[in-house]
Amino acid sequence: MTQLRCENITVSFGGVVACNNISLEVPTGKIVGLIGPNGAGKTTLFNVLSRFQDHDSGHIYYRDQDIDRKKPHQMVELGMARTFQNINLFGEQSTLDNILIGAHHLIGNPFADMFSLPAARRTERSLVQRANEIAEMLHMQDELDTLVKNLPYGYRKRVELARALASQPELILLDEPVAGCNDEETDELRGIVQRLNRELGITIFLVEHDMSMVMNVCDYIYVINFGSNLADGTPAEVQANADVISAYLGEEHDDAA
Amino acid sequence: MLGQQIMSGLATGSLYALTAVAVVVVFRNTRTINLAQGDFSMMGAFIAIILLKTYGLNYYATIVLCVLAIMALGVLTERLVMRPIADSDWLTLFTATLGVYYILHGVAGWIWGRDTKAFPVTFDPTPVHIFGTVVSHGHLINMGWAAAIGVVLYVFFKYTKQGIAMRAVTDDPETAKLMGIPVRFIVTLTWAMAGFLAAFIGILIAPIIYVAPEMMDEVLIKGYVAAVFGGLYSIPGAIIGALMIGVAENLAGGYLGSHYKTATAFAMIVVLLTFRPQGLFGIQKRREI
Amino acid sequence: MVAAARTSAPIANRQAVAALKARFAQQNWIFAGVLFALLALVPLLPVVEGWMATQAALVIIYILAAQGVSVLTGHTGLVTVGHGGFLAIGAYTSALMSHYLGADLLSGMICGGLMAALIGCLLGLIFLRLAGAFMAIGTLGFAFFIGTIVNNVPIFNGRTGFSLPPNNLFGVIDIGDFGFYYVCLVTLALMTLFMYSLVRSGVGRAFKALRDAEKAAQSSGVNRLFYRTLAFTISAFITGVAGALNGHIVSFVSAEVYADIWYSVDILVAAIVGGSAMLFGPFIGGVFIVMVPFFFEELADFSFILKGIVLIGVLMLAPAGVADVAARPFRAMRQRALAQAGGATAREHGRTGGSPGGAE
């Protein structure tokens, strides 16, 4: 079964086409990667899939249900959570509060909640309990009361992940989960991503620049370039693909120039 | 009748336009919504009264002195209040101008009292025939002044070194700083310009309304609304917005009753912000204020 | 490895942290209880006269109004310069009911709050897409709009206004100055209790999430439309109730005071000076904004100048408000205690424990 699928997605800003007829498929229970040179349209596609960006044409299906018209906040109810490339956290609040906001759609009736009625308090207690478990799983239970702005970078990446997990998702979209991390942090995050997939059965779709990360964790990889599908296949197939190599070489060449 | 309403609408609109331009210039260079902009004008009007009445100065000398005084007030505001908190978020900056608003209201009330005063130079109601409509002489003079100031601004931004530097700061403060543009000086200049415009507005509007500490509150709101038409960013947008508001409220005043003038401006801002929150001529880039 | 060292904090530590948090919460309750008990006892002192109670009631009204602003500006990050409009709506609704129907204070307050909430809900929907400075200008325009209405629509009687019968409640014809003070105090206690519950609830979290990181909030399932409108509605309700009381305190309403922007400005300043994201902030701000003019009654203009100077000073020295600075030592103390109990690193810890008065 496919968890998430998109067909012929096209997005343009003014005259610039950011995504041109992109199609891809994320099978349930797998880790799928999306790579491509800078400016290939990866982030735009991610925003389309999480419904922050409207697409001009094409369709998105979540578990074969058409979600073209969904609002961003409706995605977690379906079971899709996401993280952001530039860490998008509530810096003035504690790790615990940041995790709890991820569980927002589980608070029940907001009117009962804001008056702290007994039912709401029970829900709150169970959410805090779950947040504790998630923190433990990500090895950050000691930092639950720390303000996020005081945490080191690698930790904040994990808080993002924890927040996504708190919504009890079936699928998580990770936008460059290890960007800016050092080797040690990268190793740890890679381990966490693999555990989420194996132990909790969460489907993962990730955009990443760090090739070692992508090639090691992904079951399947899509490559896009200039807003279009370039290639897809297993890590080994993608690594051997001549188009992919030349696309990346081209980028290096540009960088050098 | 209709042409008449439109003409006098344009006349009031041209004064809103000057306020709106001042609001836009300050906002785009300093991220500050200047709530004290109207009070700069109010101080200008009071100073003008003193110069005209007590010292018997002539009108043009009064204008020159007034403009200098209010420019100094603008610079003083920047130095004493805004500069120490220049790195704060926009709410802090905005609230600080609220503090200036309080202080100037208090100072004016303290020195000159709360009663409304008449401006000694009266508004010349002599009718002038133009484009088949009848406009009062005073209205024409105001429009002339506003147009002249508009031209001065245009020349300043287009041809002078400081004007071009100011635009560079508007577009990209970081790059401007790297290119060696003295950003601090430009910010000071921005506030001086706010004072320059404010002084003119005060002197030109005083004969039409009255002089009192709260005289500019309503004009300022309309200046804001006009500035929003330009997305708080575009000067031509603000001017067009101001003229539209002037005309619209005059039409509403003429056909529905004079009480509906303020409501018109609010209705326009609601419609505008509902359909184009970034303003009629706004650009998306500046939305992250 | 770093991770290995952190894997499991002893369970005893976490229990200690939980116990500490419970104790902090208890301290907050005791602080608030003592504060309100003192406020309730004040009128019983023999030296306190009726006018003093009225002055104190005015302070409470401003605290309530600033609480309304703080829901929107402090907790949800939407700056409002238009809450004078909601104050006017509350005042006129209750005044009209009292004048024409002889309604009592309680029903006036409830209807005043509900009417303001209704308009607030509509305004929240109209201004749905606005942010930052645009929101400030939009709300300022709203206050002016309400001012125009009460000035010109005949039923509101313009600048002549109309006077209200003595404040009656539960069949008592005139509850007097002290009775009115207690009505205000009870209202404040209930609203503060509600605010305490709100800021710690999931709804309060959603508000703050929209304030701090809108996209992350939405991707976590926070419906921007719903929660923004809800914040507007709650905020308008609280300020509307304050408005109803504000009409009854002088038994008179007129466009003379409700048509200009001073109320809007004063309420916003009260919230910001006190600390708009702190539960205790509006208390400090309310005292400030009412008592400065009171002490300089002869020199009304000087009180304006003083307000301005204090406001600018607070922005320079304590941008998060006086309450934030006042709570700092307590917060630091609690953080140290938490860190000790948790056995965690010496890194500065969060404010989960809160501070006195439930300062969030």
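Residue numbering begins at 1 within each chain, and the chains themselves are lettered A, B and C in the order written.
Note that in this section a residue touches a chain if its C-beta (ideal position, glycine included) is under 8 Å from a C-beta of that chain, and two chains touch if they have at least 3 such contacts.
All values derive from a computational prediction rather than experimental measurement.
> Name, by label, each chain that touches both members of the pair subunit B and subunit C.
Common neighbours, subunit B/subunit C: none found.
> Centre-to-centre on C-alpha atoms, which chain is most distant from subunit C?
Result for the farthest chain: A.
> Taking the mean of all protein CA atoms as the centre, name the chain whose own CA mean is closest to it.
Central chain: C.
> Quick one: report the Å distance separating subunit B from subunit C, using the average Cα coordinate of each chain.
Spacing between the chain centres: roughly 33 Å.
> Taking each chain's centre as its mean C-alpha position, how far apart are subunit A and subunit B in Å?
Chain centroid spacing, subunit A to subunit B, equals 48 Å.
> Determine the centre-to-centre distance between subunit A and subunit C, using the mean Cα coordinates as centres, and give it in whole Å.
Averaging C-alpha atoms per chain gives centres 38 Å apart.
> What does subunit C use to touch subunit B in their complex?
Touch residues, subunit C against subunit B: 73, 79, 126-127, 129-134, 136-138, 140-142, 144-145, 147-149, 151-152, 260-261, 265, 268-269, 272, 299-309, 311-312, 315-316, 319.
> Can you tell me which positions in subunit C touch subunit A when the two form their complex?
1-3, 6-9, 14, 17, 194, 197-198, 200-206, 208-209, 212-213, 215-224, 226, 230, 234, 338, 342-345, 347-353
> So in the complex, which bits of subunit B are touching subunit C?
Spelled out, the residues of subunit B in touch with subunit C are 27, 33, 81, 84-85, 88, 90-92, 94-96, 98-103, 105-107, 109-110, 114, 214, 217-218, 221, 224-225, 227-228, 232, 259-260, 262-263, 265-266, 269-270, 273-274, 277, 287, 289.
> Can you check the complex and tell me which residues of subunit A touch subunit C?
Touching subunit C: residues 50, 52, 71-77, 81-82, 84, 88-97, 100-102, 104-105, 107, 110, 113-116, 120, 124, 127, 136, 139-143, 145-147, 150-151, 163, 167, 184, 188 of subunit A.
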